[in-house]
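Following this line, the structures themselves.
Here subunit A shows up in two complexes: once beside subunit B, once beside subunit C.
Entry: the complex of A and B
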């Protein structure tokens, strides 16, 4: 896979990144090189193999569904860039 | 008196009332402030440290029983969330983030009386093997080559965690290891670095990079200290759904350096003409030592070794791109204000992330995108099964596997920028243990002809950290490597 300006921009859009021209140039080159590196796996036959999502030989453990109140509203909002009346504030979403 | 303290040594000084915890903490804080040139620390938590040290002193004066970590000055990679202490992941996007909660790992150390001196620099979001991707600038390795004056990388991503211990700015530290990020810097700085079995240590409250690979672990001066810290941070945690239910073990009390009768495998796929001769020589020395001390060395095969790096560079970026989607400027961290929400996301992320992080998010997004998911992500997970099967077969015949930790020693910080894939090759010996979830340790073996540390790696089967530590102790006690860098930075 050879990355060009269009495919790199499309990917950046999916990743919610905006890129300047200089970054675009170097990313096209880097992505092409990385993808050609990972493409070597295509040669390997994995037809009858099951995927491993993590190596721990144990079922995912669920906690009992009990409400806890560990962080106060104040704590939750301590790092917020913008808040009002105890809520997170973001730019208007619906016109 | 305070030169080159270990956890064991500090605990003894305190127990014998030779010095107070406050005096120890004070002396380390002074050292840290005089060693800013190395750029190890992002935050110095002086007040918190003094407060904890005074509490230790109070326990001692009241003749209360104190544990091995009580009053011991530690420092943490800036990836562990620490309540009321800035936690940045070495990224601009978290450069204003002060958690209101404590990671399980650091909470465990805290409850055992550890004194936290501060937060250590690392590659941004732990992505790198040089510590050069940090928003706060590179960490400088305390070790210098004897023939050149270049400043060297400490390795990464836990570069600050390694450099701080090597420069004696803390007694021991905690790092995280996703593809070698504890073992490679430990090897570059002449230290012991341990990556536990996946699931042994809780990931809760640790900034996530690749959730199916990340494990926290110690960087220390001795194997004994690694055992003490591993014991302190391990154990089941119901806040991490992949935390193992296995009971914690007394790794320190059960240390036993005998290797008699053990079978130790040497994978033929790790032997390469490209491996520098001096690393090759230390590897051979290690085999001879283990054989002389009663172990049997056998050649083994891990046939899919060459697939580990490409599989890793699919899985890790995929999980990273998903994990890092949370950084959107809404609830915490940097926000670049824009008129609409999507523009705010894009501007915030573009301003907040560095180049390597952007590269990995892009690759991760690519391999997870519609039409490529099966071809890359699922394929890589299947390769992971093959790699795990290789190790499973090997461990039917051997107790441990012995390899070099890195294919090189520390290199200059201003080495010409190479293709990212060339940098990824730094992880060639360490990545397989992460993919298979196995515990692995890097042990200092000696210095090369330029006076730079070389480390070797041991890998055992899942949850066999005790055997891993025991073999490492055997090597440590036989090698008796005890060299520190000269303090050129002060």
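Entry: the complex of A and C
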């Protein structure tokens, strides 16, 4: 599968990445090669096989409903660029 | 203008599971805590953190599914729904896409006595997002992740509703069922239950029209107003030769209008895929059967039982079963007591007080035992209905027992024949003219004599007995 400029741009937009032309070209090549590599899987006939969402032969591990707050507000916000009154502060997002 | 136009409505309800901890982390779900104090490393999406699912949330989803007459899927899968937003630190919401935990079901609604079945498409488990505050600073948005990761059940209906009334009845009914099941507290003010409403219009017999989705409606009133506005807007567009755009819209409470949410325009490409951090959820049929055994009596069944057992009207049964706590309160009161008195004291007198004080029945100032003893005093003739109202009013603000209030206020009814006769004799002596008129055939004056006796006894004469005795005296 070819990854053209439009699909690369769309992907960048969805991930909120701002890329210049040089970066876009380079990503386009990388993505095409990655997707082509994975596309090889399409050659296998899976008609009679149930879709597998996970290859581990194990059941989902369940947790009991016990509440505990281990992380303090101070520790949570230790690495953030901006915070105030205990909130994360980010550039204005208008609805 | 609405000639031949049909409205088609489908609803997604987001109901918060009433668990103590979040869906994939142990952080507390407590409402109203200080911002960002219930956020774990998993909720904050720190690198390398892995989600571990809450067993209780799975049980609650199964229970809700069973309550909605739905099939429970023995295998379901968790997917990542990818989008970029400041209240979603992972960059994706863990949800269920192709294989939800609960499949098709049904809910019965009642519009003016006409029943209608609304289809349920599915119910799936997913994470709630954090909360953004836009009004704290002119240039910045404040984010609180306490809600981020709390378990939601998204309940998707089929597009089976045709009016705002049906839509409201549907959401009301689902809320009632979830509250009976005790899987969601249904508190719409706190956002524990909110609805996204999909609306389209078409001419009778036409294919489905293009739909718009109105997000995050959190009251029955707003659901109705938003639908009315949106239906008018779509019809006007089409009648003017324009087209309805498929889009997400927001209902503005201050103007009662809906407007486009541009921010969501690009977000439709969610690129769902199975979450590699989570194995498929395989449900053992025994577990489902065990949960089935714990289901309480649901509102539809209870309503029929109330009609049959207590011989009350469908309307009264509806009112008394709309809420589990109300139905339990009523049954406490009505057991071994007059149904008629119980219905009227609960559904009229008590509800009026609760409405006035803006309280739910759980916070009622008069508990079922106290109301029961008041009815006992009416039934055994100690007080009249009128006196009971006075006692009831006092009970709202007083801690005193029913008996003490009756004694303190001197409301004990006079049910002693000799004593009542004494009062009657006095009234007859004082009113010889009217006695003569009565004897001459003006029997309507009976009410006058009764009124006079009530006046001198300050309303305490047993009315049934008084009536009987006055008649006997005059007719002799």
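The criterion applied here is as follows: the second predicted complex is superposed on the first by the 88 of 95 C-alpha atoms of A that agree within 3 Å, B and C clash if a C-alpha of one lies under 4 Å from a C-alpha of the other, contacts with A are read in each partner's own complex, and residues count from 1 in each chain.
By definition in this document, contacts are C-beta pairs under 8 Å (C-beta built on N, C-alpha and C of every residue); 3 or more make two chains touch, one makes a residue touch a chain.
Source: prediction; values computed, not measured.
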Touching partner for A:18 - first (subunit B), second (subunit C), both, neither: first
Contacts of A:31 with subunit B and subunit C, given as first, second, both or neither: first
First, second, both or neither for A:63, with subunit B first and subunit C second: both
Subunit B versus subunit C as contact partner of A:41, first or second or both or neither: first
First, second, both or neither for A:88, with subunit B first and subunit C second: both
Winner by number of subunit A residues touched, once subunit B and subunit C are compared: B
First (subunit B), second (subunit C), both or neither touched by A:49: first
Subunit B versus subunit C as contact partner of A:78, first or second or both or neither: first
Set intersection of subunit A contacts, subunit C complex versus subunit B complex: 14-16, 53-54, 56, 58, 60-63, 70-71, 76, 82, 88, 90-93
Contact footprint of subunit A on subunit C as seen in their complex: 19-21, 26-30, 34-41, 44, 52-58, 77, 82-86, 91, 132-134, 136-145, 250, 261, 263, 266, 269, 271, 274, 276, 278-282
Residues of subunit B defined as touching subunit A within the complex: 96-101, 198-199, 211-212, 238-239, 241-245, 304, 307, 309-311, 313-314, 321, 325, 328-335, 337-347, 349-350, 353, 355, 358-359, 361-367, 369, 375-376, 378-386, 388, 419-421, 424, 435-438, 462
Residue ranges of subunit A in contact with subunit C within the complex: 10, 13-16, 53-54, 56, 58-73, 76-77, 82, 84-95
Touching residues (chain side subunit A, partner subunit B) in the complex: 8, 11-12, 14-19, 23, 26-27, 30-31, 33-35, 37-42, 44, 46, 49-58, 60-63, 70-71, 75-76, 78-82, 88, 90-93
